[in-house]
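Next, two complexes with subunit A in common: one pairs it with subunit B, the other with subunit C.
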Partner chain A sequence: MHDLAPLTALGADAPLHETIGAVTLTEQPDFALASLSARRGCEKEAAIALRKIIGHAAPAPGRSTNSQGLVAFWVGPAQWFVEAPYNSHEHIADELKAAGGDAVSVTEQTGGWARFDLSGETATEVLARLCPLDAPQMQSGAATRTSIEHTGCFVICREALRAFSIWVPRSSAGSVSHAIETAMRSIA
Partner chain B sequence: MIINHPLLGPRDAAEFTYFGDANLIHRPDGSPDTTGNTSAQFYTYQYLRDNPAGEHRELWFHEGGDRSWLVVTRNTLTHDISNVELASDVARAEGRST
Partner chain C sequence: MNQINRLDGGQIDRSQTLNFTFDGKSYQAYPGDTLASALLANGVRLMGRSFKYHRPRGPLTAGSEEPNALVELRSGARQEPNTRATTTEMFDGLAANSQNRWPSLAFDAMAINDRFSNFLTAGFYYKTFMWPAAFWEKIYEPIIRKAAGLGSLSMQEDPDQYDKGFLHCDLLIIGAGPAGLSAALVAGRAGASVILADEDFAMGGRLNAERFTIGDQSGADWATSTVAELATMANVRLMSRTTIIGAFDHGIYGALERVNDHIATPAPDKPRQIFWRLYTKRCLLCAGATERPIAFANNDRPGIMLASAMRSYANRWAATPAHCIAVFVNNDDAHRTAADLVANGVDIAAVIDTRSTAPDSAYFEVIKGAQVINSSGRLGLKSISVELPSGEIRQISCGALGVSGAWNPNVHMTCHQRGRPVWNAKIAAFVPGPDGPPGMTTAGAAAGVFSTAGALENGANAAVAALASLDIKATTAPLPRAEDTEARLTPFWHTSRGKGRAWLDQQNDVTVKDVKLAHQENFRSVEHLKRYTTLGMATDQGKTSNMGGLAIMAELAGKSIPEVGTTIFRPPYTPIAIGALAGRTRGMAFHPTRLTPSHHWAKEQGATFVEVGNWLRAQWFAQPGETHWRQSVDREVLGTRASVGACDVTTLGKIDVQGADAAAFLNKIYCNGFAKLAVGKTRYGLMLREDGIAMDDGTAARLAEDHIIVTTTTANAVNVYRHMEFARQCLWPDLDVQLISTTEAWAQYAVAGPNSRALLQKIIDPEFSITNEDFPFMACGEITICGGLRARLFRISFSGELAYEIAVPTRYGDALMRRIMQAGAEFDVVPYGTEALGVMRIEKGHAAGNELNGTTTALNLGMGRMVSKIKDSIGAVLSRREGLNAPDALTMVGFRPVQSDRPIVAGAHIMAKGAPHDAAHDQGYITSACFSPNLGHSIGLGFLKNGGAREGEIIELVSPLTGVNVDAEVVSAHFVDPEGARLRA
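This part shows the complex of A and B:
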């Protein structure tokens, strides 16, 4: 029998949770992630497939939607990511593929990314030091890909000015989280 | 410099990479003809470019963003950007792609 100890993206036993100044950075390991892209000429069918799973229209460019914890966010033309609690939606990729069939390409992304939540009074000041986004302008639900520490990351605004999630490529979680902590410290 | 992305709105130019003349999306058939020579058309495509001082249509890739290709009309003297389109829309308008 295997006897493997689960580790976080940072190689620790417990997820990162750190408050520096007025901001808190929390690693969120308990979310499943999958991507859905339309195959050539199947943009409409892909949007319909996504609708079957999330229960409402696919998010517009630069936006995310949230229905009972099932979050979909736009990542490119006719491409979306779906984020869901791991316990209830471990097989979210299979669900998306079953809904979309040959019209879509679905990739399981859970193991490829790590989610860090950034919240607090000065969260937008931290983001201003990390990426070219105009974070104070982001409304609740805004979601976009950008570069943090030379790494392509997704930034989702959960609550305007106060709470953001950053999806970081798992293999770069160490360097990106270090950059975030450095930015937090620099304004603390 | 700010590029007004057709889908995402104004974004910092640091998120983009520059590729070159927008004519690069008009790639002709590069296979050799009956004499074994590659077509003159492909030679022109490959090697000959205008280098205008003024308005220039060029390809930019939103590498640090949604990874879409854009056709940006930029004045090379002033860096004033007058138009931004999705390259896929430009190709579709010309009857290519789906």
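This part shows the complex of A and C:
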């Protein structure tokens, strides 16, 4: 076991957790992330490999699946991100590669992104100040890419109207979370 | 004087009194007032001075179309010029000042312009300030700017915040008058998602301003109860104080919501305004209509206003501009102004109707077939001159005159995508044409349906139709009884009788005579008319004046009004502050910032940061006692070359390339060969653009047969990724390649200097040998460090020293940098920033962004031979163009000053010794320069014609602009370790 201590995307020892008005923003550092792409002509094999790990059929465009904390969401043609609890699946990329072999290209993305959860009564109003998504229409499990604070992010609806996860490029986590907090204060 | 012109009734809350000031004088008002209604109630008609002639002016309207009553609202940093008093919602403590006058509104010295009006006619600027040309900028323009203009800026930073937002709906309804409310009820009850937007703070449109009844209620009460019902529907979003400013592509509308303009100061963290982008499936424009004036001599005196505005002031705000009023009309509708005012106890001097067929009234005199031909009263209307059908002139005393030339539907937004309105002779007005923005329909007065009953029915039906096209079934409920009179008018645009100027566009001081002059001077197209006379420009965009101008031009040209046509309406519908367009994107939040994994550590070390794209990178790390950046940078360079230094290089783009054809793909992307790159090896690569110019350089490290990591320069990371993705998807879709960015997934540090290996050996787990034999120059591999953390190691060098780049998952980046410092303490490790990085790469002669500047080729960079001839790659063919391969092509070389204390200056141009300093003798230019602490003098890199063959030549570096003239010697670009022994050590 190595002896290097991790730091959150915001440069703190502990994750951000803030409630403003009726919404709460929580940084979620304890998730691993990996991308999986089907190699040319291997879409079927890639889907089988994905099912082996996430226990679900590969999600369709705009959708995510969730099975015991293993979440997959569609990010491009024959391409998905898989999110998993860090403690049990730090090496989710290796797991996916082992399942898919030469049929898939897998890339570790854990360090590339930071997850922020936004929840509460007015969560969709906060999102309306941040991005062009029609958040009130997103059903639980909807997942899509959008731009927040000029930064490409993924938004996953965990519970319609109430709870969303926002995956933010890690280096921009400070600016994007600041924008989210600013919107929360605007709404409050 | 205490609200002497306040009437009974109205939709104001008399239980509470609000205090406000205008030009420093205190007045009182009620909640529900506008600034204009409150001033009128207080007996103030004079609210501003005109733009050009400084003529006294009062409000012409009661709405957003107002040309005259513009004030500077608020004070200090919040002072805002050109605010319409007619739409400014009253709040306690409101402070407004008139503008465009000196020293006071009642006595304005600049009113002298009015005496010289003969010289200031249309085209005045074009004719008068033609010569001498040199006078324009220094003399004419400042004088004109001082004399003209509307309001002044505070020149202070806006203390308020502005939000942006995004909303979606099935149906956007613009305007909450009878048509809009009726449509919203239908759509809301059908369950469609609806946004109902209205620029006013009270929804209802004209229902709030008229005495009409709907069913058993007053129109205003019906509006209130309808809004209350709509408010209970979760699928309906009511947006009052919201102006739709434009119709854009794909059903997108811009909306400005003034959430906090109606209070003195927004609460902390709350926006003053929100600029919304509305994504709509359908749009129903129910924007109503604007009454148009009739032009006659001196028709601009305070107290002369639109007849409908008078009704608004009386019925909604219980205010009248005077206690004796006349009305001048060409239609039946405006007779109601007299009727309503009589009902409110105001005296009606007379109704002057241009038509001999005008209806009679039992309550006031109607003078038929007559015209108002002049007026008097210096700072406010005192009397009017009326020409009777007999030709006799009758003077009528009155403190205010309501004018109505009938109504123009507000078609503006139907024209935002170049739709053209069509002429409706029945109402003598333009109505929306068939070619409006896709998805938009119109209803109510905006569509030329002027009666209340017509608007209610039209709005409901239009909503049903709009939703039907979305497969949403909606039905209309039985509509309540409402006024249903037909519009009866005889077009009448201006009187040709009477002496004095007849004002068409009061905001720009354009008269009937100006239009005639434009016609006479052959500026006859409407677009020319507009620009020559300025008719329809500025903050009101001619909402009350355009039609008058067109009618007169038609008359002069002997054409019909539709033949003359209209100018194009463009967004925004009403003015919008730049601050609202900027939103939160200003100051420190102008763009998002990307932080490196070692940022927080670097901050602790007192680093100075520099913006590189959105990244903040440490530029240097000043140590105690260092007072100049050069001291820090020199120390960092010398320390690295002497022992070891570390630098965060995470910002360099990293693209993960996988797939069976990964190497074949890169072989096409890079101009040099990559097909045979061995696993565990890294190679320098140069990418060309399709046109043969160098695009970016970097390294590619082969971790496996089907896995290569490409690095790019920091600045080009996105461009290169986009370029590669395009090539993958569009050029070679048959290749098995997958790309994804991993730039920030890995914290990557350069560890450079003769002791770099010794330092890293303390961190890297012992099972991985990094001796020169096991891990030679350009090796790469996956390793573990610090007892098992996965990491990547690359033996590459930008500094020219023995060097490595080591990468770990980003969350451990901070800890790794601290560990490197700790492990390197025995070697006096120095953290170095981008400045030292730059110095070392210039010393080594490595090209960077300065050299890859979008105009240079591989040949220019001294890498011509890298462009492989045995394979095809992007840009290879066009790089062989003759013109890019001339014998005297620019070549990258080094420069050192002949006198060692002189500087080499980046940007300087190169001239042969003794040659003239001009463009014809230009020999090239310096791209990078720095002080080399290793050599003890300034050095530079640059492009010199046939530079490779000119080593030893003394040339002149010049910058005539900055007075630079330095003799320099052409040398090799490799100042330090030209053989490369160090990096292979």
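Observations, loosely collected:
By definition in this document, the second predicted complex is superposed on the first by the 183 of 188 C-alpha atoms of A that agree within 3 Å, B and C clash if a C-alpha of one lies under 4 Å from a C-alpha of the other, contacts with A are read in each partner's own complex, and residues count from 1 in each chain.
Keep this in mind: a contact is a pair of C-beta atoms (placed from the backbone, for glycine too) under 8 Å apart; a residue touches a chain by one contact, two chains touch by 3 or more.
What you are looking at is a predicted structure, and each value in this text was computed from that prediction instead of being measured.
Residue contacts after overlaying the shared chain place A:111 against subunit C, while subunit B stays out of touching range.
One of subunit B and subunit C touches more residues of subunit A, and that partner is C.
Contacts of A:35 after superposition: subunit C is touched, whereas subunit B is not reached.
Once the two complexes are overlaid on the shared chain, A:165 sits clear of subunit B and of subunit C alike.
After overlaying the two complexes on the shared chain, residue contacts for A:182 are found with subunit C alone; subunit B is out of touch. Within the superposed three-chain model, A:145 lies in touch with subunit B and out of touch with subunit C [touch as defined at top].
Touch criterion met: A:6 reaches subunit C, while subunit B stays clear of it.
Of the two partner chains, neither subunit B nor subunit C is touched by A:124.
When the two structures are aligned on the shared chain, A:64 is found in touch with neither subunit B nor subunit C.
Residues 40-41, 132-134 of subunit A lie in contact with subunit B in one complex and with subunit C in the other. Within the complex, the subunit B residues that touch subunit A are 7-12, 14-15, 63-68, 86, 88, 98. Within the complex formed with subunit C, the residues of subunit A that make contact are 1-9, 11, 29, 35, 37, 39-41, 79, 102, 105-113, 128-129, 131-134, 136-137, 149-151, 169-172, 174-176, 178-179, 182-183, 185-186, 188. The part of subunit A that touches subunit B in the complex is made up of residues 40-41, 61-62, 74-77, 132-134, 144-147, 152. On subunit C, the positions that touch subunit A within their shared complex are 161, 163-168, 269-271, 274, 277, 279, 584, 589, 591-597, 599-600, 614-615, 650, 656, 658-660, 706, 734-738, 740-747, 784-789, 808-816, 819.
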